[in-house]
Every structure is written in structure tokens, then in C-alpha cells.
Amino acid sequence: MDWFFLIEKILLISVILVLSLVVAMYATWGERKVAAWIQDRLGPNRAGPMGLLQPLADGGKLFFKEEIIPTSANRFMFVLGPSIAMVVACMTSAVIPWGGTLTIAGREVSLQVADVNIGILYIFAVVSMGVYGIMIGGWASNNKYSLLASVRAASQIISYELPMGLALIALLMTTGTLSLKTIVEQQINSGVYNAFIQPLGFLIFLICAFAECNRAPFDLPEAENELNGGYHLEYSSMKLGFFLFAEYINMFISSALMATLYWGGYGFPGMTSLASSLSPNLITIIGFLALFIKTLIFIFIFMWVRWTVPRFRYDQLMRLGWRVLIPLSLANMLITGAIELFRHHS
Amino acid sequence: MYTETVFLSATTTPFSYLPIVLQLIAALGFVGITMLATHFLGPKRKTSDKLINFESGIEQKGNARQPVAIKYFLTAILFVLFDVEVIFFYPYAVNFRELGPEGFFAVLMFVGFFLCGFIYILKKGALKWED
Amino acid sequence: MPVQYYIFLSIALFCIGVMGVLMRRNAIIIFMCIELMLNAVNLLMVAFSKMWADAGRVDASSAQLFVFFIMVVAAAEVAIGLAIITMVYRNTRSVDINILNRLKN
Amino acid sequence: MLTVLLILIPLIAGLITFGLKGSGPKVLSIISSLATVVLAIGAWCRFRTAPDSLNVVANWIPQLGSQFRVGLDGMGVMLCLLTAIAFLLVFITIYSRKFERPGSFYGLMLLTQAGLTGVFTAFDALQFYIFWELALIPVYFLCSIWGGEKRIAVTFKFFVYTFLGSLLMMVGIIYLYFQTPDHSFSWTSFASLQLSQDQQNWLFWLFFIAFAIKMPIFPFHTWQPDTYEQSPTPVTMILSGVMVKMGLFGLLRWLLPILPHGVMIWSDVAIVLCIIGIIYASCIAMVQSDLKRLIAYSSIAHIGLMAAAIFANNEQSLQGALLQMFNHGINIVGLWIIVEVIEQRLGVKNMDQLGGMARKAPRMAIFFVIICLANIGLPLTNGFIGEFLMFSGLFQYNHWMMAFAGLGIILSAIYTLGMIQKVIFGQENELTATTTDLNAGEILALSLIVIMIIVLGVYPQPMLDLVSNTTDVVNKLF
Amino acid sequence: MNALISTALSGVVMMFVGLFVRNKQNIKFFAIAAIIVAFIANLALYPTVEHGGYIVYGMIEVTKFSVVFNAVVLGATLLYFLLSGSEFEKVGEHVADYFALIFFILAGITLASSFSNLLMLFLAIEILSIPQYILAGADKKNLKSNEASLKYFLMGSFSTGILLMGITLIYGAAGSFNITELGLGSDPVHPLALCGIILLVFALAFKVSAVPFHFWTPDVYDGSPTVFTSFMSTVVKAGGFVAFLRMFHVSFAGGAISQHWTLILAIITAATLILGNFSAVFQQSVKRMLAYSSIAQAGFMLFAVISLNNMGAQGIILYAAAYSIATIGVFAVLMKLKDYTFEGFNGLARKEPLLAFTVAVCLFSLAGIPVTAGFFAKYFVLSAAIQHGNLLWLVILAVLCAAVSVYYYFRVIMAMYFKQGEPEVLPVSGGFKAALILTVVLILALGIFPNLLLCWL
């Protein structure tokens, strides 16, 4: 057993978890700021400079809130629901390559928690677990609104998983691997981001990512005005916090994933040419920053869309998922396949 | 039939998954500790009114765990079916180049059947949410 | 890890599934036990695939493909099974298979 | 071709008859049975000149090595003749009777004839088995539809018994089939099999039970009295006159030549069973008051004697048995015709209610007496020769067995004469006073029978010539 | 292969026919046309396979045997459509879907007759099972149908699990799924393979409802809509048997291995025969009687599996044909009656002679009386067992059971022909009568000339 390896991984995991939480927290702040900006308001500005301490205040509030579990709820399930949601949200980041390798004291430290060859499948597997959190939470509350919302959420999430998977298949056809690291390296080496090869695929993936994260315009599960707040209606204190956090973490991770899959991950323009002049560690750090910036851009897009596009009706949502995106992604896959074959066999 | 595929070839060992286990432990620890912490930190002033379900002030009637509309159920079942069909594409996509045009035509056929099923459920109105 | 561990584990899972099917009364639980049986098989199949791949057989990946087919069939069974259980539930308001024996008389 | 026609004519006539109405069925039946009688006599003549021309072989199921293989040897000719005559007699007797659904009745009768003829002509084991079953089905329907009150249960018992027996025989046939070197069902391949003693020991029982149920031999006889009693009399005539001969025929054609060692081992047992049957049936017959049951039990006794003679298995006993097969058929049909006559006129068959019929129906009385005497086996009737030969054959086999079998003859004389006495002599009562004498058809049928009884009683040589060849074949195998 | 493709496509086509054809009564004609096409397509492959199998990617091997078997199955289904096609409308709304499901079942059966890989065995068994779960529950409002469906589903998928475990263990021992390459005949037998074979025997016995894995059968057959019981208990069962037969004849026939399962299978066979026959005797409903009789007949078909010779293979084809046609015929008439008990048949011969005659011929065939197809069917399977040599006790037992079977089959005949009564019969069309006559002709033709079928083998 390599103890350094363990320590290094534990450190990396801690950093990533903390980073996710911080990003998630500040995403709430960002959300409000962006909303304010779009709506020509000021947004939070009391707690700290530019309201920067606002998320901390919010978090603290959640910690000290009273914990209410309705008598008719199933206590175990009631606690289990948000826990699953949170754990799942924390687990997705494990296979995302946050950067190249750092050389510290002669050791090569990869900025990826686990480089497994089935990275994409892993993400799919873990993300699909997320629906359990919502479903269990809604069901355990024993509240008609919660139950309905959770059923809706589950239907929505599974419906959009199909086109998402199909869109990814088209990507896999061009890359030929399930390992995220390899996908990123391919993009860096060729210098062409997958988004240009797979524009339609990227678009579909983007839409699906919105739906998967229950973000507007697909935020029906928590449609306040219809469902009293959705599946987490009965929740309070940190259990509510977990549901909210999980949503923002998911948003962060899916942004990172989109950046990784379609926009070159930690690669940045000129990376290969700079490799000779700069030290590798520096390149890695720049790469990490590049990925972070790309991710932030996507998070911004998430917010931008939220305050721009009105919410779908449920039938519209389902129609878009099943009748538009699935055929579209299938067509995308077949066209990709045909073109790739034509390129390689002529 | 038995081409030597690279599908799930053994470049990773069970050892590669160790960090994931670590991350799981970390996540579980975080969640557990936070849960416990809020449990002890928060005030506890429970009243019977507070502990009933909130249904917008309307008196609660019956159990909420009623069967929901069959539509949701149908969606779930269709997802299960189509999802495994999608799963079939993964090994194909990874070995896409090795399998060449022949494999592509086979997959075209598969997609054909997939579409048949898809069109069938559309026509049957399984995905009609409008009514 | 030696393949025996996998064999024992999956046989154990399989037996739990079998016992569940034979002893439980709730149709959904029985159904889940059946799924457990299938997954035990999947696990064993993959273990054997690895075993034969290590033994140098080029066609060992066919066992992994087999797993895919098992998953597909399991999915089909889930679809049908849940539909049937829902149908029974709608008519009898119960998923206890004992109620079925009462139907006989 | 002649042989095939013997089967085909009743078969086709039977199928046509199903669709006919009114008096069509009976006319067609008489025509068809007359034709078969003529053909059978023709076959007899042909047999004397060119016996080989009677054999027909055609491909049937080549995969199995089964062929359509029919032929006639002496025994076959005799039994076909018996079948044809018996059916003709039956049809003549019942000409004036009205049946419900006559088309079906006559159709089934003719199909039975086809089946029976098939059994007697088959030289392929599979084909033999099929005809064996085919003869049974129409009889089952005849008994169950037109029979007495308890017909359904009784005939079903009969059917299940025989069916079970024949299934066992089928197992035996299949087993033998796999033993043949050329995988064939033909009689010649079967007869030339060299089977070990062990095999023959158990195979014997598979065949024996099937035949014993059909004959029937004690203790497989329980279906018989009930069935005879419940069946409509025309069917009983066929059952007792011809159908029981299937069992005897089976012994002679299939059991003796194929399993000689099996027969040798078990013949004592079989003969003892036969003799128990003879005495047992005779004793019961003595105390019967029901006319039909009495004749049924007497039939068991007679058949038992024939079976015993066959198992005694020497030239005299075999010849006697063969001869008796024909004669018993004629006699028993005659007896049943009398019973039918009485039952038709008076509606009863209990002897206690009968008596003094000789006065009102003298002609019937005369015929009855003659037939009864022939049935006992009085000299100058046809029964005598056969019984004499059988007894001398049995004597050669074992003195004691012959003595016990002889007891049967004495008992048979007692109950037959008792029956004559109770039915036609004695006191006339209210019921029997209404008797009318025979009508033309009945006279014709009974006259034919009596002529045959006397002719064959005085001059049995042609019949003996006919069957001598067969007994040679069977004997040579030992 | 042709049969597989054409039936699978027909299934898809039927699904869409239901969407586009408004008049439900016309749907059946599409189904009949499709099955005829499948039948012809299947036979078109015959010249190719006449002198050796036709292998598809090592997964499927179409042989002469499988083509003939498929022809039998498709022919029986055609007859079934002709006789009972119009009954589909009475079950429920989705007539075309029922037909589609039946075509999928057929696809499963055609696959079962020609698999050469355990994967295909598994798929075949599943493809022919899963639609049956739906068909069993097609009468959605009827609790008995619900029960049948749920029970069948739970039992069926349970046996699937066992089948899979068996396959996996065999794979663990042999390292291959190809049934010709398993090489299990070696001595000593690998313990994993042994366990696998036993599990496989159990699972397949489950599928063909052999005792002691039969307990689902009577309830399922009784509860399902009669028109589907008719199909499930005949053609589908034959499909299960052909899978059984192929698996055992190809893979498990070796010297060392066959000792291990022969006794188990022989005991299963004996139990099936005894229990099936004796339970059938005590039934009051003809439908239930036929359910038990199907168990009993399964006992006979097991002979073909157990005896491991060519005769058995021929026997299973004849048996499939004879048994399917006869049972379909009886069911077709049964569905025209209001009362499914034995009393319901009283006096049928007078009221509807043709119906009664057909039933009688069918029952003769089931009982194995000569000149009907059933005789040669029984003859072949018994011969196969006798040829095997060590199973004579089983043959004698079978013969005794066959005599018992006469009891319950003839109860119907007795009711129809010998008893008085006024049966309530639904009006029957001319086409139906023509189909009945076709049934009778087929049974008699096969009974007199079994060559019609055997000459193809």
C-alpha cells in the first residue's frame, strides 16, 4: 500500500468536496446577483461587501433551524432522502479530471480522483441514483404536493436521461473511449473541441443537463406556485439545505462535465505550444483555472437561462423530451456514425 | 462473433476504484456529521400543529400515498425499456471503428426496431400528456 | 481476488433471492428477490468472464455481453411485472400473493 | 387385391352409410356384407389354387419399416369368412328392426367389420395393432349409444380394459421391432427373431394380457358379462361371435410363433388360468337366470377351452381350436339371434319369466334346440369335431388338465339343457302366451346357421384342410 | 432463420396494423396472411439445410429438424388463427397487440428450435415467456386472469433466474456458451457443470410444467382467457420442449454426464405422468382438465428428451403437431360453449354433430388412439424410450397412465354422445366449420400417413 497515494487522494477529495460546496454556496449568491443584474436590481448587498457573506449567513441559518419531521412521515426515509441527494451530488466529481498532473516532490499527482476507464458510465450510474433522493424524500413526507412533485421530478429526470445518453453515444463514436481523461487529452492533442464536432450533441446534452438538474425552464418539481415548493415542501433546516445544495452542486458538476466532454476540459488554447516554455506544474494550474472558468461560464448560462426563459408546462416538457430530443439525438448519433465511417473507410 | 473487443478491457484494476470508495466515505461522513450537528444545534419546540403536513392550510384528508396517474408509471416503464436499449449502444459506440460498416448496418437495424417501438408508443398515445 | 470469492458471494446472493421468493408474501418483494437473483448471476458471469480471460480465452468477453442481455431481459420483465402488479393492485387493492389463493375459492 | 377389398368394402360402405337415411343403411349393409361373403368364399377358392396372390404389400411408413402388408393364410380365410357370415347373419336378423339414427348404427357396424377383417389379414405388427384398436372404437360407440341402462359405465370399463391391454401389447411390439435386425414390423421378421429366454419370459405377458383381456380369460374377464348384457344384441353377436376370436387369433398368429419359449414356460400357467375360467364361468352360468348373462358366461367357458387348447400346442389341439373358432362363432351368433328374437317379442331376458314357448313358436324352439346341442358339442353337430380334437390334444399335454376341462363340458351340458328347459318347455305364462313365431328374415338367418351346423358336423374336411396349413406353420417353429 | 425473421417482423407489423386498421374484425386477416408468409418463408429455407445445418454467427444453427419443427409450429398457429382468431375480439380492446404478442412468442419458439448458443437459449425462452405473461392477464378486469398473470410472471421469472444460474455455472465450467463446444462429456464431471445442469433441468422443467414444477400450470391455464390458454398450452409448450430437447441432445448427451441427469429427469417424467393424469381425472371443468392433461402430455414429451435418440427428435415433432392441433381443436369448440364443465357438453352430438365429431377426433388423438395423429406421436416417444433401453419401467408406467388418460378424455365423449342435454352453443360460422373439418382432416392424415411429416426429416 502506497500511503502517499492515499494521503494525496484524501487531500484531493477534500479539496474537491470543499470546492464543490463553496461553489455551490456562492452559486446561490451568483444566482441572486445575476437575477438582479438581468432584472436591473441590486441583489444581496448587506452581508459583507457586495453581499459576499450572504451565502454564509444562509448556510448558518439552515444549521440552526428547527428540525421538523411530520408525524405522518416515515422518519427513516425522511432522513434518507436528502442524504442520498447530497451523497450522490458529492460523488459525481470523482471521475472528472480537474487538471493534468502536478509534480510535487518528485511524485506525479493527478488532479483526478479516480481515472477509471468507464468514467462516463460511472457518472451516469451515480447521477441516476439522484432520483432516489428526490423520490424517497417526496414519498416519505406523506404530503400530496411533495409526492406529486417527486413523481414529476422522477419522470422528468428519467425522461431526459435517454436523450442525454444518446447524445453521449454520438460523442463516444468520435472519441472511442469512456474515460474522461482520454477524452480531454484527445481534444487537447487535436486542438479541436468536441463541441465543434458535435454541435447538435452538445446542444442536446446542454438541454438535458438543465432538465436533470431540475433547473429552469424545467424546474417543475419545485414549481412554487403549483406545488407549494415541490418535493422538499416538508423539509426544514439542513435537510432542506441538502436538497438545495445538491441541486447547486449538480449544476456545478454538470457544468464541469460539459466543459470536459465538449470544451476541452482543462485544456486551453496554446497549451501545447506553451508546454515547452512553462513548467508543467504551471501549465496544470493554468489548465485547472481554464476548466474552472469554463465551468463558471456554464453556471452563468444556467442562471441566465433561468431568468430569461419561462417555465415549461408539464406536457410541453415531456413532449420536448420524448418527441423532440430522443429522435433528434438518435438522428445525431446515426449521422455521426455515417460520417465517421465515411471518413475512415474511404 | 467473438472479435477481440476493447470493451471493458482491463486497463483499470479494482484498485483504481479505491479513491472512489474514499470519496464515498468522505461524502457519507460529511452528510452524517452535518445531519447530526443540525439535529443537536437546532431548537426543538414541537407542537402538534407543527407536526402535521402542510397542505396550504386546507385540512388534511386521507393518506397522501395514493396511486398517482398511470402516466407517470408508464413513463417510468418506458424509460426502463428504452434505457436498456440505449445501453446497448455503449459497447457499440466504443468499438464503433473496429466493427466498421457491417456493424453500422447492424446497428441501423437495431435503431430501426428501436424506432418501431418508439413510434408505436407515440401512436398508442402512451406519451400524451395533453388531455 | 480468487474467483472463488465471487462464486461464493453470488451463490449467497442467489440463495437469498431464492429464499425471498419462496418465503415472502408481498409480490413486489418477491419481484425484487428475483431481480437479486438475476444480479447475482450477472456478478458471477462477469467473474467467470475475467477468469476465462485470464486463462487466455479470446472469447471471454462474450460473458460480458451475456450480462447485457440479462439486463435487457430483466428490464423487460420489470416493465411487464410492474404493469401486472399495478393491474392486480388496482383490482384487489393489495399486492399480497395470499390474496390470490383466496381468489381460487 | 381381394384381401384389400375385403377390408375396403365394409370401410367405404360404412363411411357412406353414415350419410344415409331411412332404409338406405340396412340395404347397403346387406349388400356390402353379401359382397364380403362372396369375396371371402372367393378368397377361399383362390387360397386353394394360388395362395400367394392373396398377399399384398405396399409402402406405408418407410421411416419406421412399417408396410401395408395384408395377406391370408388358412386361418385368415376362415376368420374372414366367419366375420363376413356373422355380419350377414346379423344384418339379416335385424332387418325388420328399427334403430334410432340407423345411418350411424349400420355405419359403425360396417366399420367394425372392416377393423376385424383388418386384424385377421394384417401381417405387419403395427398395422395389426392399429386394426386391433380400430375394431374396438366403433363397438364402443355402438354399445354406449344403443345399449342398456348401465351402458355408459359398463362399456367404458370394457374399453379401458382392452385399451390398457393393447397398450401393453404395443410396448411389446415396439420392443420386438427394435430387436429385428432390419427394423421391420413384418410378421416374418418377427417370427424369425431369436430372442433370449429372459426376453421371452416378460414379453409373453405383454402380449398375453392384451389377448387374454380380449378373449377373455380368467381373471381378465370381468368386463365381459356386463358388456354382453348391456350391449344391443346385434353388437353382442359380433362381440361374442367374432371379436373374441381376435384374442385367439392373436395367440395363434403373434404369440406362438414369435415367443415360443415364452409360451413353453408359461403355458402351464395359462392353461390353468383357462381351466379355472372354464369351471368358474360354468358354475356361474348354472345359477344365472338372465339369458344374456348365461350365454356370456358360457362363452367364457368355451373360449377358455379354445385358449387352453392353443396353449397345449400340439397339432390336434390347434386344429381343434381353429375349427372351433369358426364353429363357436356360428353357434354363438345363432344363440344370440334366438335371444334377440325372444327379447324383441317379449321384452324380457330373465328365464324365470319365460317358459313354454315351444307351443306358440315351434320353429324357434327347433332352431334353439339344434343350436344349443351344437353348442354343447353333440356328435353330428359342428361343435363335436372341434371339441373332440381339442380334448385329445389337451389329453396329450396333460391328463389332469384335460379331466378338469372335461368337467366344463359336463357343466355346459347341464346349464344349456337347463336353459332350453326353462325357456321353451315347461309352463306357459301370460307373457309367453303372446309369443309369435319367427319372421322370414330370422328364419333365413337361423336356417343358414343350422345348415352350417349340420354340414360342418357331418363333413368337416374342407375346414380342416383350410386350417391344416396354419397349424403346420405354428408347429414347425417348435 | 427465415421463420425467426418473418415472425419477428410480423409481430412489429401487427403492432402497427392495430394502429392503422379501424375495423377490428379485419385484423385477423392480416395475422393469417402474415403467418402464411412466415410459413412459406420457413419452408423456403428447407433446400438450404437439407444436407446440413446453416450457421448464423455461431449463435443459431438452422437444421432440417428446426425447419420442420418451425413448420409444425407455424402450421398449428395458422390453424389456431383460423379456428380462434375471432375470439381475440372478445378478450379486450387490443386485438392487434394480442396477435403481435403471439408472433413474438413464435419468434421465441423458432429461436428455441435452432439456437446453438446458450445466450440464444436464454433469449428464446424469454421471448416466448414474456408475451405470455401479458396474454395471461389480457382480461384486465377479471381477477382470475389477474391472478394467472401475476402467478405466471412470478414463477416464470423465478425460473428464468434459475436458468441463468445454470447457464452461468456451465459457463464457469466450460468457458464457452456454444452448445457444441461445451465438452461436458468428460469424466469426472466438473462440479460446477453438474450443478449447472441440474439447475437447467429444473428451469426447463418449470417452463414445460413438469412435476414438481407444475404447480403454476392449472391456475394459469384456468385463469387466462381461454383463447390464449389454447395457444399457451400447445404451441408454446412445444417450443419449450424443443429447447429442452436441443440442449440435452447436443450438449448433455455424453456418457459421463448423462448418467447424472437421466435419473432425475426420469423421476420427473414419472411424477409428471402420474400426477398429471390422476389430477386430471378429478377435474370438473373441461378447461382445467385440459390444463392437467397438458401436464400429463408433457410427461410423454419428456420421453423424447430423456431418450436422447433420433426417434425422440422425430417424436417431438409429431407430438408437437398432434398435441397442438388436437388441443387447439378442443379449445376452439370449448370457446363456443357457455358452460365449461363436463355437463356443458351433454348432448352436443345431437345439437352440433360436426363440433362434437371434431372434439371426439381431437380427444382420440390426445388419448393416442390409432388412425389419429396422437397415436403415432405416442408411438414415437415410447419407441424412443424403448430404444434407449433402460427406461422400460417408465414406458410401462406411461402406458398405464395413458389408460388413465382415456378416462378423462372419454368423459367428454360420453357427455357429447351418450348423455342427454341441451348444451348452450354460440352460433358458429361457416368458416369456423370449414376450419374444424380441416382440423379433423389434418389429424386423420397425420394418423394414417405420419410420413407426411416425417419424410421431411
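So that you can tell them apart, the chains are marked A, B, C, D and E in the order they are listed, and the count of residues begins at 1 in each.
What we mean here is this: a contact is a pair of C-beta atoms (placed from the backbone, for glycine too) under 8 Å apart; a residue touches a chain by one contact, two chains touch by 3 or more.
Since the model is a prediction, treat every value here as computed from it, not as a measurement.
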Chain groups still in contact once subunit B is set aside, others held in place: A | C, D, E
{"item": "Chain hops separating subunit E from subunit A, counting only touching neighbours", "value": "2"}
{"item": "Any chain that touches subunit E and subunit D", "value": "none"}
{"item": "Innermost chain by mean C-alpha position", "value": "E"}
{"item": "Chain separated most widely from subunit A, comparing mean CA positions", "value": "D"}
{"item": "More contacts between chains, B-C or A-B", "value": "A-B"}
{"item": "Farthest-lying chain, centroid of Cα atoms versus that of subunit B", "value": "D"}
{"item": "Approximate Å spacing (C-alpha centroids) for the pair subunit A, subunit C", "value": "32"}
{"item": "Whole-Å gap separating subunit B and subunit C, where each centre is the average of the chain's CA atoms", "value": "19"}
{"item": "Whole-Å gap between the CA centroids of subunit A and subunit D", "value": "95"}
{"item": "Distance between chain centroids, defined by C-alpha means - subunit B, subunit E (Å)", "value": "39"}
{"item": "For subunit E, residues that touch 2 or more chains besides their own", "value": "none"}
{"item": "For subunit A, residues contacting two or more additional chains", "value": "none"}
{"item": "Residues of subunit D touching at least two other chains", "value": "none"}
{"item": "Chain-to-chain touches, reported pairwise for every pair that qualifies", "value": "A-B, B-C, B-E, C-E, D-E"}
{"item": "Residues of subunit B defined as touching subunit C within the complex", "value": "1-2, 4-5, 7-8, 10, 14, 67, 70, 73, 76-77, 80-81, 83-85, 87-88, 91"}
{"item": "Footprint of subunit E on subunit D - complex, ascending", "value": "60-64, 126, 129-130, 133-134, 137, 141, 144-145, 151-152, 156, 159-160, 163-164, 167-168, 170-171, 174-175, 177-178"}
{"item": "Contact footprint of subunit B on subunit A as seen in their complex", "value": "6, 9-10, 12-14, 17, 62-73, 79, 83, 86-87, 90-91, 93-95, 113-118, 121-122, 139, 141-148, 151-152, 154-155, 158-159, 161-162, 165-166, 169-170, 172-173, 176-178, 228, 233-234, 237-239, 242, 314-315, 318-319, 322-323, 326-327, 330, 333-334, 337-338, 340-341, 344-345"}
{"item": "Subunit C residues touching subunit E - in the complex, by the definition given at the top", "value": "7, 14, 17-18, 21, 27, 30-31, 34, 37-38, 40-41, 44-45, 48, 51-52, 55, 57, 59-60, 62-63, 65-66, 69-70, 73, 76-77, 80-81, 83-85, 87-88, 91-92, 97, 100, 103-104"}
{"item": "Touching residues on subunit E, where the partner in the complex is subunit C", "value": "118-119, 122-123, 126, 130, 133-134, 137, 140-141, 143-144, 146-147, 149-151, 153-154, 157-158, 160-162, 164-165, 167-169, 171-172, 175-177, 219"}
